[in-house]
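The following pair of complexes shares a single chain, chain A, combined with chain B in the former and chain C in the latter.
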Partner chain A sequence: MSLRLVRIDDRLIHGQVVAGWLRALGARRIVIVDDATARDEFLRDVLTLAAPSDVPVEVLNIADGAIRCIELAASPEPVFVLARSPRTVLGLRQAGVPIEVVDLGGMGSGPGRKRLHKTISISPDELAELRELERLGTRVEIQIVADDRPIPFRSLDSTH
Partner chain B sequence: MRSFRIVIAGHGAFPAALLASTEMICGPLADIVAAGIEPTDTPDRYAEALRAAIGRDGAPDHVPAQSDAAGSGASLPAEAGRTARSSTRKGRVLVLCDLLGGTPFNVASAISRRSPRIVCISGVNLAMAVEAALADGDLDDALVERLLATGRDAIVETERHRAQRAS
Partner chain C sequence: MGFGQAALIALGYYLANSPWLFGLAYYTLFRPLVAGLLVGLILGHPAEGTLIGAAINVPYLGFISAGGSYPSDVAFAGWVGTTIALAGGLNPAAAIAVAIPLGLLGTLVFYGRMSVSAVFAHWADDRAEKADINGVAFMNVVPGQILLFVISFVPVFLLALNGPGFVKDAIDRLPLWFSDGLVIAGGILPAIGIALTMRFIFRGSAIPYFFIGFILFTFSGGSMSLVVIAAIGVALAYLHLTFTGGLAPKSTEAAAEIATAPVLMTSDETAPAGRHLTRGDVLRSWITWSFFSHANYNYERLQGTGFAHAMTPIIRKLYTTPDEIRAALKRHLVFFNTEPNFGNVIHGAVIALEEQRANGAPIDDDAINSVKSGLMGPISGIGDTLSQSTIAPILLALGIGIAGGTATGSSIPNFAPGSTGNVLGPIIYVALVSVIIVGIGYVAWMQGYLRGRAFVTDLLRSGTIDRVLTGAGVLGNLVLGALAAKVVTLYLAPTVSIYGAQLNIQASVLDPIFPGVLALGLVLITFWLLRRVSPLWILAGMLTFSIIAAFPFFGPGPQNPNDYSYQACTSSLLHKYAPCGVPPAPSAAPQASPSPAASTAP
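Right after this comes the complex of A and B.
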């Protein structure tokens, strides 16, 4: 099991993610799973600018990402997986990717979104998707930066 | 006079503070806008704010040439005049971002791709911001090169810098 961290962050790669988490995880590879970004060569290039030059970044759609994640999960290489939304992670899980824990790291606020914890907000659809992930045996936690203590989603979801 | 507008894009209070510090050196800069991303902003919401700061197609070209002259801000009539003079350059916008790979830069880059009028630079510091604010004329390749050099040249360590200058 070498998917060191599966993180949901609507900003995907950004300074905080790259600097802090790669060090904390000892991950040497980033896999971004996002259908829209995978389709767009320019966005792929811009996002990968942020990663250290010795850390390869792969940008894949859900279908290809699932195959790649299953492969990487079986290898000893530590990998950091990033997705923009719970739907993507649920897609990976349903395609058979072994995901023990998913981290909610960046989910911004907006119309129809309810604050779950600090800067983490979710929509009703996302709430249902996260519950489904937990039902499938994936633990959902909130941990915005590596130094934070992870907070179980379940402890926050009880009020909903 | 500068023929383009400037937007400073970055994390939290940094853009507004950099603008305030640039004004401390250059005087009031009514045509420079700061756009800071907050931890609760989604990239989509920040993109909206940044697009608003840049203006549609980066252009103030919808400003009527005469009618606005009386009521609006001091820079506007002059800018409209320059816009009319060099129509290929009208409404160009320089976006100065704080951090390579940060969300403000990622979002600004995505916006700039769709509009050749926008130039997006990352790693802005006060030296670069002042150089840009005081720039004369068009946002052309020569200016972009000069801004990059100004920003880089402003990064020194005293002793190393002294030794280099002496040799």
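Right after this comes the complex of A and C.
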């Protein structure tokens, strides 16, 4: 068994995530993996409270997140895993978490970041990390909302 | 269509996406229900326009745009669709089918603007580098609005001038059964809008209320006003909350700590000689945001320049040296996106942080950025759920229900000729939605400022939002169920022969047991399909199916586009059944046409 989908979104839980993806995945549990967020009590609290009241949210750092994700990947319960950056997902993957697909859902622009597609911008480091993920056998796709058709990262990467 | 009328319509479409209506354009002019009334006024037929707008709005009942996604240009469908239908003499049900491709076409305007406007964000960066506060404000509004005006006004102006004639010609050339298929589609496509909205509110203990709403409406013979149903809904919501004990406050491990965390506010102790913001400064900032949050919406920063613009009254008051001003402008020009009303708690909290920082508190850029970037996601999750997926669809359902025709579901489709639109529908909708949305925005902004981050956790933990959503879910399901009964129209024409008697399955078997069961079944199947198939495929499928189903396989086809009497004798799959040889009751098929240009007999 492996995690069906890990979404990279720098806003973590927001509109479409709550509304669309939980439904699309049939997931009733959210796991957020992010070192900085896991350290921040206030953000942890807000994220927990922002999800629908019947959906438990766990906010973990990469080390704890990897252990938890391996555990969850082995169980049949669908789970929605969210991360802020490709580095986190690569960290999970390298720690042995089986991940079928990484979805690039929201990566804002900034200095040194290049726009890949609509609201998805990436830095050279992230590009390398995503390529590494693909090399490790995890598919990378862009799918901003659950109703969108997924675009393979590879098809956009070649034009870079 | 005169040049002046076409120009007014094009201007209306521009305004629907513009910042000039206190940020309310998205909840008002953007919606076909409202566009229909205004196009109707411009063309001199407000009631007919309202009816067409209401019809076009139904498939978009569950429309939301979040995180820069934009499944369809609802405003384009509304403004251009109503214009074409009204001036081209199309009947309102067929207008639904014509408007949907227009909605898809219109997304080009949005994508064009979202891509190009990123450039203006860089121009704003240049102004920030020069510590030019007014320059940043200018770049957030002027270039983006000039671009938006050009790419909105021109296509709609040309379509308004030429579209009606073109579509009328096309429809005249098509066989009657084909345009009749569009009318059938007009009865079926609303199921998509209902089902999309159900995705937001049709769940948990609120589900039964949808069926109650549907049954209330059908068993009243379609005569029960949606206002009455909404009033019942409010009462039921109150009872539901009372008897389910409301919702227990959600608890987290850190509850106690956060709740007692000091409220972030400047006080005279921390800033004896400080630079203080007045209530006026905070209000000015809120007003700026309300107007211009989306003035330069673009793929790169989304509301980034809007946020910086909203901070200009604050920056001007708190910071004096060019270095401070430059740093503050750049700090707030980065990527930002949240729900622009409830999300105002973030702005309020950030203003409080800026005030403390200006007074020497050790708050660095990272602290402010982490409040913005950490909160914008979760808060927009709640905000979108509240405003876009609950308040707007419920009020729209109510408005459409009031606007959408006086004909009862039992005789002819509600958006067929002969129904009369009620202009009170859009007017009541606009009044309610404006007060609620502005109210949420104001309270969130002020409380965010006065109480900072504690307000966010307190509010979430108190369970108030969950209670509001639960109550709204009860009301929403009741109204939505009634609206489904009112606008989804599905007839089954074929008959079966039982012991020599010709029996129509719908008229003789299904409806006597459960009136409207076919329409209800269609809605539930659509809801089920939406979990598996994209709404666009369902739309395309329904449209194709309706047109095929209108083909007169079983007998002579229709003789007159607005004449429902041919349905007196079964000719195709999805027509209203009546035994052959029996003339339809006069009241059931009025010959009135929706506009003076309509009714062209072959």
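In this text, the second predicted complex is superposed on the first by the 158 of 160 C-alpha atoms of A that agree within 3 Å, B and C clash if a C-alpha of one lies under 4 Å from a C-alpha of the other, contacts with A are read in each partner's own complex, and residues count from 1 in each chain.
FYI, contacts are C-beta pairs under 8 Å (C-beta built on N, C-alpha and C of every residue); 3 or more make two chains touch, one makes a residue touch a chain.
Just so we're clear, the structure is a prediction, and the values are computed from it rather than from any experiment.
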Return fit or clash for chain B versus chain C, each positioned on chain A through the superposition.
clash
With both complexes overlaid on chain A, does A:T119 touch chain B (first), chain C (second), both or neither?
both
Chain B versus chain C as contact partner of A:S53, first or second or both or neither
second
Which of the two partners, first being chain B and second being chain C, lies in contact with A:I13: first, second, both, or neither?
both
Look at A:D148 in the shared chain and tell me whether it touches chain B only, chain C only, both, or neither; answer first, second, both or neither.
second
Is A:T37 touching anything from chain B or chain C once the two structures are fitted on A? First, second, both or neither.
second
Per the contact definition in the header, classify A:G108: touching chain B only (first), chain C only (second), both, or neither.
both
Chosen between chain B and chain C, the partner touching more chain A residues is C
Intersection of the chain A residues that touch chain B with those that touch chain C
10-11, 13-15, 18, 42-43, 46-47, 49-51, 108-110, 119, 121
Chain A partner, complex, touching residues on chain C are 64, 66-69, 71, 114, 118, 199-200, 247, 250, 252, 254-255, 257-258, 261, 299-302, 334-335, 337-339, 370, 373-385, 388-389, 453, 456-457, 460-461, 466, 531, 534-535
Could you pull out which chain A residues touch chain B in their complex?
10-11, 13-15, 18, 42-43, 46-47, 49-51, 107-110, 119, 121
Complex contacts: residues of chain B adjacent to chain A
11, 39-45, 99-103, 105-106, 109-110, 113
Which part of chain A faces chain C closely enough to touch in the complex?
9-19, 23, 36-37, 40-51, 53, 106, 108-110, 115, 118-119, 121, 144-145, 147-149
